[in-house]
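What follows is a short report on a single structure.
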Amino acid sequence: MNRTRYVLIGNGAAGNRAAELLRERDPDGVITIVSRGTLLQYRRDRLNDLFDGRTDWRDYLVNAPDFYTEKGIRVRRQSTVVKVDADAGSVVFANGEAIGFDKLLVATGGERYLPDDLLDFADQCHFFDSYEEAMTLRRALPDGGRVLILGGDMAAIGLARKLREHGHGVALVPHERSFRPHLVDEAAQGPYLAALEKMGIEVLAPGPIDGIEAADSGSGAKRVRFAGGGEATADIVLPAYGSVPAVDFMHGTGVEIERGILVGATQRSAKENVWAAGNACQLEPTEKGIHIYNRDLVLQMGEVAARDMIGDPLELFEPGYAQELALDADGGLQSIFFD
Amino acid sequence: MADTAAQPIYLEDRIRKIEESGRLKHRSKALPTWCPGCGYYAMTEGVTLAVERLNIAPKDTVIVSGIGCASRFPFFMNAYGFHTLHGRTLPVATGVKIANDRLTVLVVGGDGDGFAIGGGHIPHAARRNIDITYLLFDNGIYGLTKGQTSPTSVVGFETKTTPYENRDVPLNPLMMLLSYGASWVGQAYAGHPHFLADMITDAIAHKGFSYLHIMSPCVTFDKTTNTYQNLGMKVRPMPDDHDPSDRMAAMALASEIDRPAEGLLYREDRPTLSDNLDAIIREAGGTPPPHRQPAAAE
Amino acid sequence: MSVTDIQVTICGSAGDGTIAAGDILKNTMASIGFKAIAFDLFPAEIRGFGKCVSRTRISSEPVYTLKPEADVLISLDDTHALAHIREAREFGVVIHEECPIAPAAEGSQVAEYIEPGHLPYQLPMRNMSEQTTNSPRSRNMVALGFLAGLLDMPRDAFHATIARKFRGKAKEVSTQNVAAFDAGFDAALAVFKLDDVRFRAPAEGAETGAAVMTTGNEAVVRGCLDAGIDSFFGYPITPASSILEMLAKDMPKRGGRVLQTEDEISAVGATVGAGYTGSRAATSTSGPGLALMTEMIGLGVMAEIPCVLLVSQRGGPSTGMPTKTEQSDLNLAVYGGSGDAQRLVVAPTNVYECYELAGYAFELAETFQTPVIVLLDLYLSNRHESVALPDDPPFALTAGKGLSEHDPDESYQRFAAAADSISPRAMPGEAGGIHTITGLEHGAEGRPSDSADTHAEMNRKRHDKLRGALAYRDLAVTERHGDAGKVDVGVLAWGSTYGETLEAMKQARAEGIRCAAMKVKMLSPLPTAAIEAFMDDCGAVLVPELNHEGQFANLVMSQTGRPVARLSYTTGEPMRPGDILREIRHLAEGRGPRVVAQGPNAAE
């Protein structure tokens, strides 16, 4: 008996939801989730809680390991996909290993964007995109220490709010990609930057970075030098320029990629055996204006993709949430990311 | 007419001579229980004379016997004795000697004890050159259990276990011992007790594994083959020109089973097991313990 | 949590250095004050690429058994490790090769079998080994270094152990291994530690360096040497060969004599001959060899000769399973041989007791003038525990009634009657004590006799004299652990199974069951008074053992007349605490004793 092989690249909400549904509808299929990371699926969107003392990674897991064992869902971790051959139905990892698939879901989400001028100084920076990075940042930040956010996407702003609650100083260098994934022209940033200042965040002048190095004090603090002159010091430098779909490895496979992998109403790509969901994909038609995929929508995408994979398609419901960043009556930030 | 009348032998004189010789100290008070005429009497006397001549104290003598008519041998001697299991005299004797090689260790057993069940131990005792003396009493039969065929019984021998006559070719013990590397191999005959005593003395005196093959009748259970008459006719003196350092020549002699020669077939001097074990101790950086170092001159 | 309790399982192919890595790990941990217990599995074949598994449990508290699950699994060879993936517990660590040599067939790599609950760490061991040592052979050291770095173990302690291990070899061997180890260690420093496998340095004041990882066989050898063993005769047999080999090396240094004999009968025969002559003599063997030795043991009993037999049990019957453990030679040790030939049998339950009982065996043999069997098993022989052997051994270097205790005005009788049934023993070479001993029944002076009175009296003498062994000096022959006083369930165990018994008892008590365990270190004579007192306290008594017939249960029942519940099975592996615990629970619920002689995991 030939069992259908489902490979789901990406260990986020979409991939896991799809896996769950696939198992419900196909008891015999071989279902493999492939992840670059080490941990099972966890709530990255809640990592700010680390600063409230919830530091055990097991508290962030969405499902206990039993969930996967009982459902027979394999979760291959520490596996980075470097190449996909959609016609041959194979996924190749960085170490040369390959696994075969009948149906592939790409749900790798987004990877962080770093502007060119920062590439040389990334090793002086901290990040907050995974539990490991977040814990490293938290440990490196002394009591009452100061964080300098470069850019400031919505995730970083949410973190900034938490840091302020715990008495840390926060400064921010605006950038054209500030407030991502909300699209806000630089010219229109003013009121929103003011809202940040209301939150106690020191907003510095925007401009390219010349360099980041260890500050002389030897305490681990960093000094950031601006191309336009001037410098700033902080204990932690956090680049936060939003993300771009993590789909480099899908070039040349026959799927169409604009920003993300273009998919139709059932999340299927241009290749009949390849689907995409979550922030790795790009819904068509974009004139609907949906470019922010919140968690609920991502979960839905995973479901829709799975339903199509097993031949019982379902169309995506449009989300009913606001795509834009707004201000509330008190001049504070109002966003889908600030529930 | 010449006066060839036999001289009277007075018992009292004899007994007094024996007592004066002092060798009775090597005998226990128990009187032997062998059948009258058994070759073991000559062997016992031979051992007694030997240890007396060699001035070996009873307390320093250990006699190890196996199962068979030899069993009771230690009980008739005044020495430490160990009546062991059938076929296992050599391992036990090895242990005794290794524990204290100032002791003189004599092993007595028959052809069944030695070459049937005990056959596997002989090569190793011989090749290790353990300084013990193996007195092997070969009457070609199992006597204690009342007459069964043994590994040295001749083809055609009829007993209760071979009622249709034995078909198995007998072993050649002398050939075996010579090939096992024994450092002293001799043969004697119970019917020549004085020569037997001399051979036993030489065997004990030799430093190394001494094997003395002693031919004897079983007067009770073998009335046809190994009788004093037949053995007496077969046994011949060792040829004068035999060189006891020539192992192949000794083997040639050993192969002449119809004309067994009594005397020393082979002898060489080489380190004993105790010598080797002590050498190992010194090479390992140790010291042989006091109870095994050569005793002060006694 | 300040307690460390980590179990590391390393799987590899023969030639991967699996055992060596485990060796370095456990010795390092012992050297810095941890308690450790370790047991390695070797491939049954000599050549080829059979599976090696090294398991080490490291703890800051004393431990008695390996855990059923590992905290860390290291795969040096995925083909062999696949079968053991499940051994790593939930949230345990799995360390494996990142880059397979050739395009690997799907389904052949550990990566696909890592459970969702595991924390995987891929490591390019082969590449790192090649880069540091120009050869892939040091993958085991890379992996070990990675583990040490991951768990924040002290690097220096490992360096010291590596240097010690290879001190007999060329200097490059040691430096290369250290280089490979450091490469792994440094790689781990760059990895985020998810902190589920916790390692804490031992508390201040832990005796560092005092404990050394020792196997049962090594401990037996130390016990013999510390008791002044004088002569040893052995024949190679798994798993006792290493006793012969170690003594062959060490005894000559102390003036002792060792002989490899042509068979087991010769070995025990020489032991008996040497014992008779006053030497502290011993032999070693396993079940099949012991079977051959029984006739000589009978001679030793009949002629009242001191001698020591060190016996390590393996799977039986007959040639059985030479590389698997079992406890099925109890009957043979206690009863083997013709006639009523009772002898002393002692059975250690851990590595320290292997040392203790092997050492005491010689004075027991001399005091009671009889063969003493020290009965261990393959699991004890080959498992490592961190033990601190005493600098001042407790053994008496001479013992027993000698000729000096005989009144020289009386004629010497080797088997003279005595209040304690032990006669003064003369030895060859001593004046005034000449006697002959025999395997025949004999009177007091040693001469053969088959009279009715003599035989009855001598049988009584030979049996009664052994009773004194139950209270010999400071040697405890039973020990009780757990709840004092009345308990719901008592577990009565012997040999290596006692370790698993303690573990099960601890867990049962944690579940609220009143539970106690008693170890029995002397099997013949059996300490029935202590056992009956224990049984008086127990609602039900369970006897777990690694044999099919319940040999110890039979022994206890036949000598106390009381019923016991049995857990007897033979898988070739040590008993599992979980199986003992299941039976304890069953008995605690008042469901009555049952006989469990099938495999483990029997249905409730």
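Think of it as A, B and C in the order they're written, each chain with its own count starting at 1.
By our rule, contacts are C-beta pairs under 8 Å (C-beta built on N, C-alpha and C of every residue); 3 or more make two chains touch, one makes a residue touch a chain.
Just so you know, these numbers come straight off a predicted model, no measurement behind them.
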Per-chain CA centroid nearest to the all-protein CA mean: C
Maximum centroid distance from chain A, chain identifier (CA atoms): B
Separation of chain A from chain C, taking each centre as the mean of its C-alpha atoms, in whole Å: 55
Between chain C and chain B, distance of the C-alpha-averaged centres to the nearest whole Å: 46
For chain A paired with chain B, centre-to-centre distance based on mean C-alpha positions, whole Å: 97
Residues on chain C engaged by chain A in the complex (per definition of touch): 90-91, 98-100, 103-104, 106, 109, 111-112, 114-117, 119-122, 192, 194, 196
Contact footprint of chain C on chain A as seen in their complex: 38-40, 57-58, 65-69, 73-79, 95-100, 132, 135-136
Interfacial residue positions of chain B with respect to chain C in the complex: 30, 57-60, 62-64, 71-72, 74-75, 78-85, 88, 90-96, 98-100, 102-103, 120-121, 123-124, 273, 277, 280-281, 283-289, 292
Interfacial residue positions of chain C with respect to chain B in the complex: 230-231, 233, 249, 252-257, 259, 261-263, 265-279, 281, 295-296, 299, 303, 428-440, 447-448
